[in-house]
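The same chain A turns up in both complexes below, where it pairs with chain B and then with chain C.
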Partner chain A sequence: MALPLPPGLTPAETAFLCEMEMVTVIPRQRLEGLELLGGPIPPLNPPYRTPLPLWLALLLKRQRRANILPPPWLSPPSLHSILDFEKSTPSFSPPPPLPPYATTSPPFLPSATANAPPDALPYHWLELGEMLLEAANDDIPEPDNVRRLMRDLREVRMAKMRAGVGVLEGGREVNMNGVGGMEVAEGRAFIGGVVDGLRKIGASKELSRREREAEERENGIGGGEEDEDDMDI
Partner chain B sequence: MGSYYDIDAILTDAQKVPCTFDLDIPGLGYLDENAGGDVPLPIQTQYSNYVAALTPHSQIKAGTRVSLPLWLSTLLAVQRLGPSSQALCTLDLPASIAPRVLAALKAGPKTVDLRQLASHYYELAARVLELFEEEEIVDILCETFKERAAEIADHAHNPRGALGEAQDFLRGLDEMERQLFRSAHGSSNAMREWMGEAKKKR
Partner chain C sequence: MDIDDILAEVDSHAIPHETQDLQELTRAWVTERSAPELLPWPDALMERTLERIRRQVRHPPPLAPSPLADTEPLSIKIELVEEQTGNTDPKANFRLIIIQTELERFKYLVRSFLRARIAKIDAHALHHLTDPTAKARLSPSELQYATAHTALLHAHYHSSFLSQFPASLRRMDDTAGGISMVEGPDVDKAVFVRALRDVDEPVYVDGTDTAFEMRRGDVVVVRWSAVRGIVMAGDAELI
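Up next is the complex of A and B:
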C-alpha cells in the first residue's frame, strides 16, 4: 500500500544531491572541455585551478588525474572556531551568507570551492566533508584532526536538534537555521513524529482554543459597540 | 482521525472505558454480563415482540458501572432517546488518566509504564479528552510526551536499539512512542550505514 521508504531523503540520496556541489581542483593532466547536460565542463590545464562538480572531481581524484583543493571551512582552525561557537550558543552556527545576486539554492552555490567563506558551514557540510575525507584524504591538511572535529560538530548539533524538541509547544518554534541537508535527513523522522504526536494529543485543546477565539471575536464586535456607546455618553 | 484502515485507530477504539448507565435499558443486560440477559437478537420479529420476550434480568439498571469499548461508550453517551431525555450513559474518566496517574506523570514522566495502562495510551487519552475538555490534563500529557520523546531520541541513537540498558523504559512505551522510537532508530541506522558504506568504498 505504502512506499517502503519513509518520507524525505535517505542519506544516500542526500549525498547524491551533494555531488552537484562545485569544488576546486588542481588538475594533473590536460583534459578538453566537456559539453554535458548539466552544463559545460571547462578544459583542464594542469597548473590552473578549475571549479568542477564534486562527482567529476571525485572521479578524477580516484584516477589520480587531479587533486582536490578542500574548501577553507574544512580545516582544523575553522572547524575549531565553529565548534566553539556551537558550544557557546543554543542556536546553530549561521549558514554562509548568500551572494547578493543569488537566486539559487545549495548545490548551485559556490560554498565548497576554494574561495568559500571559511567561517560558516554550508548546507552540505557533513556529506561533503565525509566524501572528501575518504576520497581525498591526502589533499586535506591534518585529516585525522578534521575527522575528529567533524564528529564533534555533528554530535553537538544533533544534541541541539534533540533538545529543540523539548521546547516545542503550540505556537512556539525552534530555530533551525543553518541545519545541513544530511542533518535534516537524519532528524526528520524523529522531529516529524514528535510534532505529529503533540498535535494529536493537543487536538482537543486546540479545538476549544479555536472555539474560544471565535467566540471572543464575536463578543469583541459586541464589546466595540459598547465602547462606542460609552464614547457617546 | 486517520485512515479507515488505520489499525492503530481501530485498536484505540477497542480499548475499554468505564461508564455509568443513567436509565434502565431493556435488552442491554448482557453488557453487564447479566445471567438472564442472553436473549437472541430479534431477527425478523417486531420490536414490541422482542421487548415483551425480555426477562427482567436482561435489562441494565440505572447506576450500573460497566467497562465498554470506546466506540460503543461514546455513542451511548451522546445518544438520546428523545429531545427531552438525558443521555443513556455517562462516561467516566478512565483509570489511565485518573488523578493518581497524572500526579505520577507530573512527578516523573519517564518512570511510568504507559503500556501497562493502555497500549494506545495517548490516542485513547486524546479521544476521551475530546469529550471532557480538561485542558490541564492535555498540558500534562503534552509535557510527558515531550520529556519521554527526548529520552526516546537518546535511546534510538544507541546502535544496540531496544536491547541496550534501557529495556525497562522502552518496554513501557505506548504504541505511538514505539513508532517514534522505530523511526528515529531507523534513520539513525541509515545514517550509520551510509557513513560505513562511504568508508568501505576507498
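Up next is the complex of A and C:
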C-alpha cells in the first residue's frame, strides 16, 4: 500500500506532471464546454484556437478531433539559436520569463501554448517535445530536424550536468537555474547521493563547529574567528 | 499589503477555484514525494478535492442527449454507454471518456499523495507517534493507522522474540545512554528547490559558512533543513 518509490519524482511521474501543461489546439470538431474537476474546459469551435491541457489535447489528437499548434520554441530556427547559446556558456540557457504577479510555477505556466516565448526552453521542454513528436508528428514543421536538434540539445545539457558534478559539495547550495524537469528526474539520484555522501564525510567537522558556536554564544563572545573551517574536502 | 500583493490577488481571482485547487494539490503531491519528512496534512484542500471527486463520480455534468437520469452513478452510465456503443450518440460517449480520463488523473494524484505519506509513516512510525510536531502533521485517519500498525507490530515482536529478552531490554523506544532508539527521517537530505517568490532573508545552512539568496525562479540543490521554513511558508517548492 505504501508507495515503494524513493523520494523525488520518477521520470514517469514527471511526464504525468508535464501532461498538465497548457497547449494550443485547433479543433476539427465541435465540442461543448465541460465542467471538469480541474476547472472548466472551454467549448471547441473549429477553427478557433483554444488552450487545453496536454493530456486532453493528446486525447483529441489521437482521435483526429483536433490539431495541436506546437509552441514557437519547438521549431528548427528557435532550437538552433538555443543550441548555439547552450554551446557558448557553461550554464543552462535561461528559462522563459515568469509572469510578474503570481507564484504559479510549471506545469501551470503558459510556456507551451502558441504564445510562448520562442527563445527559451521551458521546464518541461524535453518531455513535452518528445510527447508532441510522438503523437502530433504531422503538426510540427520539419519533425526530423526538430528531433535531431532536440537530441543535440539534450546531449549538450547532459554534458553540462556531468561537468557540474565537480562543484558539488556537502554543505553548500548548488545553483541549477534553467534545468529541465526530466533532467532533474534523471540526475536526482546521483546529485543527491553525492551531496549527501559529502555531507556525511564532513559531518563531524560540522558538528564540532556547531558545538563551538553554541559555546561561544553562551560565553558571550562574538564568534568572529573562522580559522581552519573551510569545507572543501 | 503593497501593490504587488493586491495585483497578485486580482490575478489569482481570475483563475477558477477548481484550477487553483488542482495547482495546490499538484504542488502538495510533488513536495510530499520529494521531501524527506512528512509535511502538514492539507486538511481543507483534501476535503474540497475528495468532495469534488465524490460529486463527479455521483453526478457527472449533465450529458446533453443522455437518456439516463442524472442521479445514477457514473460507473453505471459508463457501463451502459459501453454496452450501447454504436447506437448511442458518439458525442455524448466521447464527453464521458474525457470526464472519466480526468477523474482517473485526479484519483491517481490523490492516491499517490496518500501513499507517499503512508510510506513515510511506515518508515518512522514511532517517531510520528512520539514527536509532538511530527504527530501534529498526521491526519486523523493516518494517526489511527499509525497507532494500530505500531500496536500490531509490538504485539508481534513481543510474542515472537521480545518476551525472551530480559525485561529491561524489551522496550522499543529506549533512550538509555543518551541515544534514542526512535529514528526520525534524515532532515539534512539534499533536495531540489525552486523559489516561488523572492526570499528577502538570505538562506543559511546550519553548521557551515553557506548563506545564499533566492530569487523567484531560482533552482538550487541544498539540504532540506535549510529550506524547510521557506517551503512550508509557500515561498518555495520542491521539484
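FYI, the second predicted complex is superposed on the first by the 193 of 233 C-alpha atoms of A that agree within 3 Å, B and C clash if a C-alpha of one lies under 4 Å from a C-alpha of the other, contacts with A are read in each partner's own complex, and residues count from 1 in each chain.
Methods note: a residue touches a chain if its C-beta (ideal position, glycine included) is under 8 Å from a C-beta of that chain, and two chains touch if they have at least 3 such contacts.
Here the structure is a predicted model, which is why all the values come from computation and not from measurement.
Engineer: May I ask you to decide whether A:Pro90 touches chain B, chain C, both, or neither, giving the answer as first, second, both or neither?
Structural biologist: The answer is neither, since A:Pro90 touches no partner chain.
Engineer: So, A:Leu207: does it touch chain B (first), chain C (second), both, or neither?
Structural biologist: Touch status of A:Leu207: both partners.
Engineer: Regarding the shared-chain residue A:Arg188, is it in contact with chain B (first), chain C (second), both, or neither?
Structural biologist: both
Engineer: Which partner chains sit in contact with A:Val165 here, chain B, chain C, both or neither? Use first/second/both/neither.
Structural biologist: So A:Val165 only meets chain B here.
Engineer: Going by the contact rule set out at the top, does A:Gly39 touch chain B (first), chain C (second), both, or neither?
Structural biologist: Once the two structures are laid over each other on A, A:Gly39 reaches chain C alone.
Engineer: Classify the contacts of A:Pro141 with the two partner chains as first (chain B alone), second (chain C alone), both, or neither.
Structural biologist: In the superposition, A:Pro141 contacts neither chain B nor chain C.
Engineer: Residues of chain A touched by chain B versus by chain C: which partner has the larger set?
Structural biologist: C
Engineer: Looking at the overlay, does A:Ala15 come into contact with chain B only (first), chain C only (second), both, or neither?
Structural biologist: Touch partner of A:Ala15: chain B, not chain C.
Engineer: Both chain B and chain C touch chain A; at which residues?
Structural biologist: Dual-contact residues (chain A): 168, 188, 207.
Engineer: In their complex, what parts of chain A are in touch with chain C?
Structural biologist: Touching chain C from chain A are residues 1-5, 7-9, 13, 16-17, 19-20, 31-32, 34-41, 55-56, 59, 63, 65, 95, 98-105, 107-108, 168, 171-179, 181, 184, 188, 191-192, 195-196, 199, 206-207, 209-210, 226, 229-231.
Engineer: For the complex, give me every residue of chain A touching chain B.
Structural biologist: Result: residues 6, 10-12, 15, 130-131, 134-135, 158, 162-163, 165-166, 168-169, 182, 185-190, 193-194, 197-198, 200-205, 207-208 of chain A touch chain B.
Engineer: Where on chain C does chain A make contact in their complex?
Structural biologist: 4, 7-8, 10-12, 15-16, 18-19, 21-23, 26-27, 30, 33-36, 49, 52-53, 56, 61, 64, 91, 94-95, 97-99, 101-103, 105-106, 108, 112, 115-116, 118-119, 121-122, 186, 188-192, 194, 196-197, 203, 205-210, 212, 216-223, 226, 234, 237, 239
Engineer: For the complex, which residues does chain B have touching chain A?
Structural biologist: 122-123, 125-126, 129-130, 133, 135, 138-139, 141-142, 145-147, 149-150, 153-154, 156-157, 176-177, 179-180, 183-184, 186-188, 190-191, 193-195, 197-199, 201-202
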